[in-house]
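Presented below are the structures under discussion, each in the form of C-alpha cells.
Presented sequentially are two complexes of subunit A, the first with subunit B as partner and the second with subunit C.
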Partner chain A sequence: MSRNPLNVAFALLFVTGCMADNVLKAEPPPDETPPVTMPPPTTNPPPAGDVVVPSNNARLKLKSGQLYAAALASGLELPRAEVCHELGLYDCVDDVHNIALGGIEPYRTGILEPLEETTVTTPIAADRVALAACTTRAERDFADLANAKLFGALVVKDGALEDVSAAPVEATIQRLYQRLVQRDATSDEVAALRDLYTEMAATPSADVAESWAAVSCYAVASTMEALFY
Partner chain B sequence: MFNAKFDRRNLLRGMGYLAAGTALGGLGARRAHAQAGAGDARFLIVLTASGGASLIDSFLAIRASESANAATINTYEDSRVQSIADSPFRAIDTQGSDLGALPAPFTANQSNFVRKHKDDMMVVTCTGTSVNHAVAQKRAITGNEAWAGRTLQELVAMQYGDAFLLPNVVMATGTAYIEPGTDKSLPSYCTGEPVAQPALWPLSLHGTRGVKAPDRRFVEMARRVRDEQLDARSKFSRVFEKSPELARWRQQRAATQALETSDLITKLMLFEDSEQYPLSQHGLMESPSGRLVRDRFPKFAEDPLEAQAALAFLLLKNRVSASVTLGTSFNAVLAEGSSLGGGGLQEGDLINPPIGFDFSHQAHRGTQAMMWSRVLAAADGLIELLKAEELADGVSMWDRTMIYVATDFGRDKVRPSGSEDFGTSHHLNNGFLLVSPLVNGNKVLGGVDPDTGLTYGFDPITGAPEPGREMAEAEIYAGIAGALGIDTTGSGLPSVPAMSRNG
Partner chain C sequence: MAWGATAYAKPIAPSILCTQYADAPVCIGGQPACTFCHTTPPARNAFGAQVEGELLPGTARPLSDADFMTGLPAALAAVEQKDADGDGFVNLDELLAGTYPADGASIPAADGCPQSSDANGGFDVCNYDPRYVYKKLHLDFCGTTVAYDRLKAFEVLEDKEGEIRDALARCLDSEYWKGRDGILYRLAHKKIRPAQSIKSGDDPGDIPLGDYDDDYYLFVYTQIDDHDARELLTAQYFVEVQDGPPTTYSTYERGPFQDIQARGAQVAQLVEVQRRAGMLTTRWNLVFNTMFTPIPRTTAAQAYRAYLGLDIARMEGLDDVPGEPADYDQKGVQAEACRRCHATLDPLTYPFTRYSGFNGGTPFSYVPNRMNNMSSGRNDPLRDTPEAGVIFGERVDDLVQWANVASNSDQFAQATVLDYWKLIIGEAPRPTEQGEFDRLWRRFRNEHEYSVERMLHELVTTEAYGVP
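Now for the complex of A and B:
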C-alpha cells in the first residue's frame, strides 16, 4: 500500500458514496408551520391614537449571526472582531453560536443550510452577543467620554447621570435607536429607558451611568425589531 | 460523482424543521426538574450508525465453512469469526493497514463489547423499504410512519419527558435521524432540540453568565423593559403581531429563565478550566461530572461522537432530557495533529472515515470494522456511566435506558470471488442492535441464511426464528416502543412482545 499523502488527499476528494444515486428525497417535512401558542400579552397598551394595521401575511426572518454581528459592529463603532468573544477567545458568532444564529458548518457537522426556525438557544445566543458588544462600547466610552463614540453626550458625576431628565439623555437614547434600529425613538421608548435608569439608580452601584448605558444599548439591540427583518 | 449537497440538503433542511417545533411551548408551566421515580422513568439513546452498519460483519457474521457459496457471499474465514461464550452473538476483531485508498492503519474490536454486554444485547432482523440514506434513516425512527409519523424519540419525550427542560435533544447532525416526525398533534416539547457543537453548546444556555456585562440585576431590569415595553409596544411588533416567528421568539424567550435558573451552563459544561478554556476567568465552572465524562470520553475535544456521548450522559444524568440522539458522522474526522504529509496517516489518525459506514462503498470490511468499533465504544462508555448513576431506590439509570443502534440499511451480501477487500452498495436486508436491560437480552431474534447472507425474521410473539419471514420496520418500531413501555393505545401498532425482556 502506498503511503503517498497524495493518495489520501485524492481518496478524500473523490470518495464516492451512495449519494449520487439518490434521487429520492427524505419524507417531506410538515408543510405548515407548527402551531405556536402566543404567550399572554404582558404589555402596557400603546398610546391612544397610535393605530397600526397588522400585516395579514407577516413573514419575518431572523438576521443571521453574521448579519447581526456586522450590524452591531457598525452601529456601535466596534471592529467586527471585537463584538463578542466567548471565554475571551472564541468569536461568539463564528465559533460558538453559529448554528443557533442561523449559520452553517459543513465540515465537521454536515450542516449545509441554516436552521429554518429559531431554537430555544437562539434568543440566549443573541442576548450574549448584544450584551457583550454593548458592554464593550459602554466600557470604552466611559473610559474616555470626551472621545466617546456613542455615549459622549451624557453628563456623568460620581458614576451617576447628573440629570436623567436632561436633554443629553434623550439624545443618547435617540442615537441608540438610530444606530441599532435605524429610526428615531418614540417618546414612550425614551421614557421607558429613562425609567430604567431611575430603577437602576435605586440599587447601590458605583457606576450606574455606565451600567445603564450598557443595558439600555442591550435592551434596544436585542429587541425583535433589531433582530428580525 | 459524490453529490452530498444534493442529498444532504434534505437532511439539513430537516434541521430547520426540527427547530420549528422547539419553542418548548409550556416549558415555563412545566416543572423545571424531573422528579420521576424509577418506576415511571425511561430513557432512550438513539445511537446512529449512519451509512449502513452491516450485521453480517458483526454479530451475525458467517463462517465460510457454513456457507455453500462461501467465496461469493460475504463470509469470513472461520478463524476470524469469534463465538462468544454463552451467547448467540459473534464478533469480528481485526486490524488493517489501510482503508481502501486511505493509508490509515486501524485496530477494531467487537468481541470485548459483546462479552461485556451480551446479556443486555438483542439483535433483531429487519428488511427495510429504502436504500436512500435520508429516507431509510427517517424510517428507522418512525417505523416507516408506523404511528402517525411519530419518531421514537418523540414517543419517549411525550411519555417520559414532560417534566424535562429539553426532553428530546438531537445531535446527529447531517442525518435524517434527527428530523422531527409529522404528527402535529404532539406537544411542541416533544420535538428535538438540535445541538451542533456539544462541547460549546452549554454556553448558549445562559444569557449572561460568562459574558462581560453589568450587574445581573441591571440586565434583568433591562430585559423586563425590553420585553414588556420596548418590544410589546413597538410599531414593528404590532404590525407583525401575527408573525409565527415572533410568537415563537416570545415563547422561546419565556423559556430562557427556566434554562438559566437550572444552571445548565455549569451542569453540562464538558471542558475543564484551562488556558484554552479559561472558565474561571469568566465566572464559569466545569460540570461537577466533567472529569467523569472526560475520563470516559477522553477524545471529546476532537471526536464529535465522543463529545455527543459525553453531553448525552450529562443531559440524561441531570434529567434535562429523556431522549438523546447521537451518532457517527458522514464527515471525515482526523485526530488533532495528524498530518496528511510525510508518509500517510498513523494508527488512530483517522477517527471517522469520510461518509462514515458508507465508506463501505470503497472498503467494506475495514470500514465496517472500524465504524462498529466506534459505535460500540460510545455505547460502552454510556452504559458504564449510566450503570454508576442511581435513578432511585437502588435502580440505576442504565436499568431504565435503551440504546437503539439505528442504521440506514444493510450492505450487499455478495463479493468478488474470494476477495477480502471489496466495496459494497446498499441493501434493504439487515437488522438492528438494541442494548438495554429492558430488551430480551442475549438473543438474536431471527437469523441469517449462510448461503445468501440474508437475514430472516421471527415470530413477534414468541421470538422463534421464521426462515422465509421478513420483519417490517413497523414491527421493530412497535417492539422498541413496547420494550420502553410506551402507551400505544389507539396506535394500531402490531404487538411484538418478543423484543421486551419480560415479554
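Now for the complex of A and C:
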C-alpha cells in the first residue's frame, strides 16, 4: 500500500504549522473546513500548589546523527541500515548529512570534531531522517497490520480509522511516545494527535490512516525532547 | 591577558582577580580563563572592556606589569555595581554567584525547588536524578536508548546506584565506546590528527609514510580496563587489536628490526624500545609533526596542547626559561614579538630534536647526532642544540624524562579529565562546577590511580552530570 504524497505534504504543513503557532493561520478556501485551534503541545499542568521551577543546571545536548538514527531504529524496530537513504542509495546520516548532523570526518577531510554550531541544513536533515524512518515504519505496518510492529492496534476500514476516539488510537499514540521519548503521552498530546487525524480526514484520501500514522510518528520523533538529551 | 591597544599578555590578571574575590566559584580550585575578560585575546569582552575603562585612565599604554598590578584591583572594584552584559545582574553578583558577567545568558540561579518532580516533567532539577542519569548514560556511553519498559523497571529498583554502576561498566565495554571508530577514537582524533593520504598499512593513501592505526590502538588501550593513562606518554610497547565484537586490545614489545620483520618497513615502529615515549615517539607523530624540521617546535607544541591542555598559541602554559630562546636554528625567535612564547617553547622542544622525521638520520628513529647531521657546517649553531630541555620549570635530560614529568603533572591529570568532562557533559566546567572538577582530577591522580574508567564512574555521580 502506498500513500498519497499530497496527503503527506498537507499533513506535514499541518503539523509544522501547529508546532510553530498552535493555530492554523491560513485563510481556508470557501468550501473547506475552517481552521482548528490546537491546544499548545504542553505537558499536563502541574498539581495545584506546585509550580514549574527552571533548572539552574540547564544543559541539553543535541543527539548526533548517529545517536538519533540509532534511537529511531530501536524505537521503530527498523534495522539501522534501513532508517533513511537519499535516492534510495546513500545513508542519510553516515554519508549525506553526516557533518550537518554533528558527525565528523577525520581521516580524509580533517574534520576532527563536530561543528560547534548547527548548520542551516541541520533541522532539514533531522526532519528528513525522522520522516523517512516514520514513513518506512508506517508503510510496512499498513502492508501487514496483523504483524505490525507499531500501528497494529489501529482498526482501519477503507484506509481510514474506524473511530479516532477509540481506545486503540490512544494506545497507539501512547506507544509512539513510549518508543520515541520513553514516557507516556499526556492527555493534551493524545488530543492533539487525534485532532490531527480529524483535520486530515476532512480531505478525501484513500489512505488517511497510514498518512496520519506516519506524520504522528514524525511529529513525536521531531520534538525537542526526541532530538535533545 | 592583554589590556592595552597593543597585544601584551598579562597572565597575572586572573591571580589578581582571585586575590580580590577569593570566594568566587571561578577561583575555587583554579583561576578564570582568559575568556573571563576577553573574547579572543587581546580583544576584550563586555566585562573586560568595562574594567579596561577604569584601569588607570590617562596612563600611557601599554601598562607595565607593576602599573597593571597596582591599578587592576581598583578597576575591578569600580565596575562591581555595573552590569556589563545588561542581563539585570551587576558584575559583583555574577562573580560571587559563579556566572559570567560578560554573558547575558549566564545569570545567577533562581531560588527554590518544586514540591515534586512531577511539576517539572519528572525531572528533579534540584537534586541528583538517577532516572535522568540512567537514560543519559546509555546515550553517552553505549550509544543506545533505554527502552520504556526498562526505564520503568529502573524507577522501582531499590539499588539505583548499583544499576547505574553496572550499566556504565557494560557501556564501557561496548563497541560504541571502545570499538574501531568508537567514542574513544573520537577523543583521539585531535591528538593524532590523521591524514589518510599519507597513511601506510591498511587502507593506504597515495603516499604511504606512516600508519596512525598504531596511535589509535595505543590511545584506546591506555583509556580502558583500569590501565594507567600515563602510559599514553610513557609506553614503550605498542598495541594490537582484535576487531570484535568484542574488540580487544593487547600489548606487544618489539624492537625496530623485529617490527620490520613482523609487519614490514612501511608500518614498523623504528624508535628503539628504551627511547620510546608513548604517543610522542610514534612513527606517525614523527611523520606528521616533525617531518623535515631540525628543531621540531610543532611536535612539542602539539604534545603540550594535546596531552597537557596548554596551547602556546593562546599563550597558555608559558613558563620562561632564563637565557631562552637561544635560537640555535637562527629563526629570529629572539625578536620581542617572539621571545615571550619561545622562552617556553624552545626548551620544551629540545628533547624532541633527536627524533628524526624524514631526515637527519634513519627516518622515524632516535638519532643521537641528528643535530650534527642536519647542520650546515662546523660553525652552524644548530650543532649546539642541547637534547636536555625544560618542562614546567623542571630540567629533563631527554624525551623519556620529559614524558615522565609531563605524565605526572597536574596539567596531564587536568587535561585528561577535562577531555572526558567536555565529551560527556558537553562543555567545560562552569564556574559553579570548578570545585567538582577540581576534586575529580585530583582523585583521578590519587584514588583512581590514573584509571580513566574509575574516573568516569565518579564523573557520572557529579551534580554537573546528574542534576537536570
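The working rule: the second predicted complex is superposed on the first by the 175 of 229 C-alpha atoms of A that agree within 3 Å, B and C clash if a C-alpha of one lies under 4 Å from a C-alpha of the other, contacts with A are read in each partner's own complex, and residues count from 1 in each chain.
As a convention for this text, contacts are C-beta pairs under 8 Å (C-beta built on N, C-alpha and C of every residue); 3 or more make two chains touch, one makes a residue touch a chain.
Predicted model only: the values in this text are computed from it and were never measured.
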item	value
Partner chain in contact with A:67 - subunit B first, subunit C second, else both or neither	second
First (subunit B), second (subunit C), both or neither touched by A:179	second
Subunit B versus subunit C as contact partner of A:113, first or second or both or neither	both
Partner chain(s) touched by A:87 [first = subunit B, second = subunit C, both, neither]	first
Subunit B versus subunit C as contact partner of A:75, first or second or both or neither	second
Partner chain in contact with A:59 - subunit B first, subunit C second, else both or neither	both
First (subunit B), second (subunit C), both or neither touched by A:127	first
Touched subunit A residues, subunit B compared with subunit C	B
Residues on subunit A lying within both footprints (that of subunit B and that of subunit C)	43, 46, 50, 52-56, 59, 61, 104, 107-108, 110, 112-113
For the subunit C and subunit A complex, residues of the former touching the latter	109-110, 112-116, 118-123, 125-126, 135-136, 139, 143-148, 151, 186, 189-190, 193-197, 199, 425-427, 463-464, 467-468
Contacting residues of subunit A [partner subunit C, same complex]	43, 46-47, 49-57, 59, 61, 63, 66-67, 70-71, 74-75, 104, 106-108, 110, 112-113, 178-179, 182-183, 229
Residues of subunit A touching subunit B in the complex	1-5, 7-12, 14-20, 22, 24-27, 29-30, 32-39, 41-44, 46, 50, 52-56, 58-62, 84, 86-90, 95-100, 104-105, 107-125, 127-128, 131-132, 135-136, 139, 188-189, 192-193, 195-196, 199-200, 203, 205, 210-212, 214-216, 218-220, 222-225, 227-228
